[in-house]
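What follows is a pair of complexes built around chain A, which joins chain B in one and chain C in the other.
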Partner chain A sequence: MSWMSPWIEGIGILDSAPAWVLAALSLIVIYIFIVVPCAALISYLDRKLTADFQARVGPNQAGPAGIFQPLVDGLKLLQKQPRDPVSWREAAWLSVHTMALYSTVAVLPLGSAVLLVDTDMSAFLPFWSALVLALGTMLLGFSQSGVPGWFGGIRVAAQTLAGAFPALIALLCSGVAAGGFRWSLLAAAQGTSPLQWTAFANPFQFLAFAVFVVSGLVTLGIPPMDAPFSSTDTHGGVSSGLWGRRYILFRLGRFYGFFLWSVIAVTIFLGAWSLPFGGSDYLREQGYLRLLQTLELLWLLLKTLLLMILVIWAARVNPRTRVDQVTDFAWTVLSPFALLALIGASVVVAWGYFQ
Partner chain B sequence: MSIQHPLEECLKTDLATWEIGPYDAALPGPMKLRLSLDGEVVVSAAYETGFLHRGLEKAFEQQPWRAVVAYSDYLDTDGSIFGELAVCLAVEEIARIEVPRRGQYVRVLLSELGRISAHLGYIVRVAKAMNAETIIHYVLRDRERVLDLFELATGARYTLNYLRFGGIQTDITDGFVERVLEVCELFRVRLKEYNDLFTYNHAFLKRTQGLGVLSADRAAALGVTGPNGRASGHAFDVRKAHPYSGYDLFDFAVPSAGGIERDEGASVGDANDRFLLRLREISTSVDLLKQAAEGIPSGEFNYFGWGEKAIIPSGEAYSRVETSRGLLGCHVVSDGGPSPTRIQFRPPSLAHFSAIPELVKGIRLEDLPVLLATLDPGISEADR
Partner chain C sequence: MRGSVFSTLVAYLKDVLWALRSVWGSCLTAVPYLFGSGDLHREVTELYPDPISSKTPDDLPAKSRGFLFNDIDRCSGCRECEKICPARCIRIEAEPAADESKIWISVFDVDFSKCVFCGICVEVCGPNSLRHTREFEGASYSNNEMVTRFGRGWVSPEQRKKWAAMRRQIEEEDGVRS
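Up next is the complex of A and B:
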């Protein structure tokens, strides 16, 4: 785990630890210090900004301006007793969920020096995990032993299948431009200035970017495409029977899917982690590795959070779309546009090649 | 005897039944709905009401006449003024009391404010059914202004207890009329804002157009009146057909379906029509409010002077009022005693309920809350 070395140098016990221990440690570190705080931050920003849009106050009791609200919510949910013993179906869901979660943390691109798995197929691995996550969510819905959970599970399956196709095609577009699906390659293909980002390289790439973000909403069931979790007709769908610790796990999984998707979108379309004004190269030359990792991570997270907030903003003013309309939209609108973007992007690349 | 293929037996599908209620987010209030589902499509539905029965009509008989108005507030708290008005009109007919002009105008003012308030509540319920959060807060913010006006005039925000046999309880406060005019101006602006934010939202149109189409014939046959009936083209409005409380003095047009440009796939009497018609009715109410506020005469506001007691002779009368949901009938029987012999209501929502089983056929489960919210049956007045 080379990226950890600048941080653990001089700690004797870790210097001599085997690689798999370090790998496991790094996953836990990323999960606890990046994913969970981001979830808290987004849930706070979501509530506060939404309150501003809707002419109300929002959380303001826990801490100054209510910043501890996510923490308080979490603690409250942790205190709750489980209603009934864990069933084997729920256990299956939990293990699938955990597998998906941890496998994606390993492939999460978080900076030029924080790439745990950087293979030729890197960019596809999170997709696989998103699909597994969806499978877990569907099983969870079925395990609710009630009509709402059943409908939720079916809707999850329908939306994930419908959204995955255009998303994969959109991913191909960026791969075509970059010449491969390595995170490092995808990032290196883009410059630091927004004009050099893949999304703004040409209209086809921008189309691909838009398709990618929207099909992410479809695949993961993020508002306003969240029919599987609809509270009015199916009492929350998949999550209808969850509360307490299991509900926290479920919410974290949902957030993680959204977060993962946004990180990928930023990495492949919005300039990845390269610091503005050539900062990354300068820091690397000077050997400030810790600073480089920290700043790149913060820069990437900033762009990710902004993208997420944009999506939340759109979700707040739009009514929830019906599940059959969502799948129709994915197959008959997103998919053709994704194919168009792929053809266009390929032509642009070929044109550059022949020049 | 035919041998069934084993696979066929495994894959045999059947209709699913699901009973929702009495408490469910999809329902407009405490009621039960027994759904028969083919996948996500509703094949048939049967409803059961009565979970909110409070014995209101019986309560009237056990109370003195002066308690009647206070009790009628609870017929439907969304628009409590309509219940009061229906009872008062019937009792005044029995006792041959003539309401002074000023009292009539104030009643019209409060009725139309009540209609606006109820229709704003309707927008909130529809938006809530499809999880459009932002519009809810904007509408509720504006409804506060209407409730403030109620508070200014009557001291209460919901259950007003303001009308009296022969007029109103006390004269309206100074500055009330000016503030009504301010609210009229506000709603001219706000209606456009709601349209920009919600009415013309593509996702909203996609979900409501063509949903739950009620034809004019069926509306008339089922007795569906009010905005729901007019949205289907069944243009009946008590304010026009049988004017009461001086409504014949005002110049207003009752909106009705038809004459609106329609997108493809939309038909007269669908959920979107019902929603649009409420918005247009708010606009009509604003017109009426303006006329009433500008033309309000001075003078007595009640037939009786301070401390005088109305004596209700024996007799019976039936009054009709156009509420925010439709035709509210009220039958009052008196034997000249200290309390009413019988007071019976004909709430408009009963007819809306009877339309549910035929409207839900073939819709998707996800549209059920939207359909029920746009139909907007009032459980409170139906169960009473």
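Up next is the complex of A and C:
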């Protein structure tokens, strides 16, 4: 809990609380104050940008320029009644989903001082999370009393398996360059200026970055690779029988996957949380730990949101890809290019080693 | 006829490049909508219903099909519209009035909760009594309110007896004349 101490010192009440209470509280605080507001912001920006692309107005009724629209949507969904008692598959989905959401919050790298889990396996944990989320989503699809849900479930599984391989190879590329999969190591391997980021170190790393982002879309079913979830293709697919609170949980899970993946991509390829112009080192030397944490978090979130907006941009102007084409694409295009990037990145690292 | 490994590889890379250019091109297409000025940046949809739309029924296109209106004085009660309606939203009850040539249309209901505004009833209408208006705002809280009634109302038994007497009188007069 060392990273929390600068935050807790000023409060005083929580000093005597046991560590597990603090850990649980911190997960909830991170979830409520970082993930949910980012979800609201991204969904608002998504709707406004899409409206602009299509020469529409977009949400404009709730608050100035409609900025409270996500809040209003959430409240509307909250007050809906649940329809059925929860089936065992749906219960499995709910528990798996909740576990995946809250346990991987601990893995999120949110700054040099906010690293709850910083082991040699850190960078692989998001894969576990993505696979678990996909498993839960598949179970959810099978629990629907209709064909759209069943097909959606199978498609989710196929897409996740297809996307996980190139994503893993692309992750190896950054690990090869950094010399390990510790968050702190991956961040330290990159400088503060964009030219020293892993993604721009050499063409192979940039290829790995692109493959990582795109295969994340495939793995998690993010637009435009969201055929298993699309309302036009399979009536909402796995989510065809969901509404109300369960639908909020489902949407939050979908967003959380996207957010998690973008944070990871920024951390391992786009300079992590290091403030520009050596700001991190300066603040650490001066002892402004709380300011350091806040600024690093904001800088990381800014980069993450920009990456997400770029993905949304591409998603909203391109047609949704059919599910078999997505899996084809992942196996025949992403995977070879990921392997190419891995070979190239390894050669570059070996070259530097023998020099 | 299969090509060499090299040509296959080149075709594959060309495909990938084509896909990249396609995605990039469509991303660029969106830029003027976001930042440009002029027609592309202007929203083509407008706020509805608040603030009140600047469009009035007169601004609608010439052949726009709004709610139906039946001029009951011209209506002959032929039931052509009722027969042809694909949504079966028209209900007609009619009976002979005082004169054989006159029809008393007691019920002419159009259920706009079923109507699809296809306009076929207007096309088949012989006396041109049924037509589309330009009104289109008809939201209501119950299905009953969606039914518009053009009929003259049910005929009372006394009235029916009176008409029967009148018809008999006319027939007798005709018989005398011939």
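The working rule: the second predicted complex is superposed on the first by the 350 of 355 C-alpha atoms of A that agree within 3 Å, B and C clash if a C-alpha of one lies under 4 Å from a C-alpha of the other, contacts with A are read in each partner's own complex, and residues count from 1 in each chain.
Convention: a contact is a pair of C-beta atoms (placed from the backbone, for glycine too) under 8 Å apart; a residue touches a chain by one contact, two chains touch by 3 or more.
Just so you know, these numbers come straight off a predicted model, no measurement behind them.
Enquirer: Quick check on the chain A-based superposition: chain B and chain C, clash or fit?
Expert: Superposition check on chain A flags a clash between chain B and chain C.
Enquirer: After the superposition on A, what does A:V333 contact: first (chain B), second (chain C), both or neither?
Expert: second
Enquirer: I'd like to know which partner A:D52 touches here: chain B for first, chain C for second, both or neither.
Expert: In the superposition, A:D52 contacts chain C only.
Enquirer: Output check: A:R89 vs chain B and chain C. Expected answer is one of first, second, both, neither. What do you get?
Expert: It touches nothing on chain B or chain C.
Enquirer: Between chain B (first) and chain C (second), which does A:A314 come into contact with in this model arrangement: first, second, both, or neither?
Expert: Second partner only, chain C.
Enquirer: Does chain C touch more residues of chain A than chain B does, or is it the other way round?
Expert: Touched residues of chain A are more numerous for B.
Enquirer: Between chain B and chain C, whom does A:S231 touch in the aligned arrangement: first, second, both, or neither?
Expert: In the superposition, A:S231 touches chain B alone.
Enquirer: Between chain B (first) and chain C (second), which, if any, makes contact with A:R245: first, second, both or neither?
Expert: neither
Enquirer: Could you pull out which residues of chain A sit against chain B in one structure and against chain C in the other?
Expert: Residues 53-56, 316-318 of chain A touch both chain B and chain C.
Enquirer: Taking the complex as given, what residues does chain A use to touch chain B?
Expert: Residue positions touching the partner: 50, 53-56, 147, 151, 154, 223-224, 226-227, 230-235, 316-325.
Enquirer: Which residues of chain B touch chain A once you look at their complex with the stated criterion?
Expert: 16, 18, 24-26, 40, 127-138, 141, 197-198, 201, 203-204, 206-207, 364-369
Enquirer: Could you pull out which chain C residues touch chain A in their complex?
Expert: Listed in rising order, the residues are 16, 19, 22-23, 26-27, 29-30, 33-34, 40, 42-47.
Enquirer: Mind listing the chain A positions that touch chain C in their complex?
Expert: Touching chain C: residues 49, 51-57, 60, 313-314, 316-318, 333, 337 of chain A.
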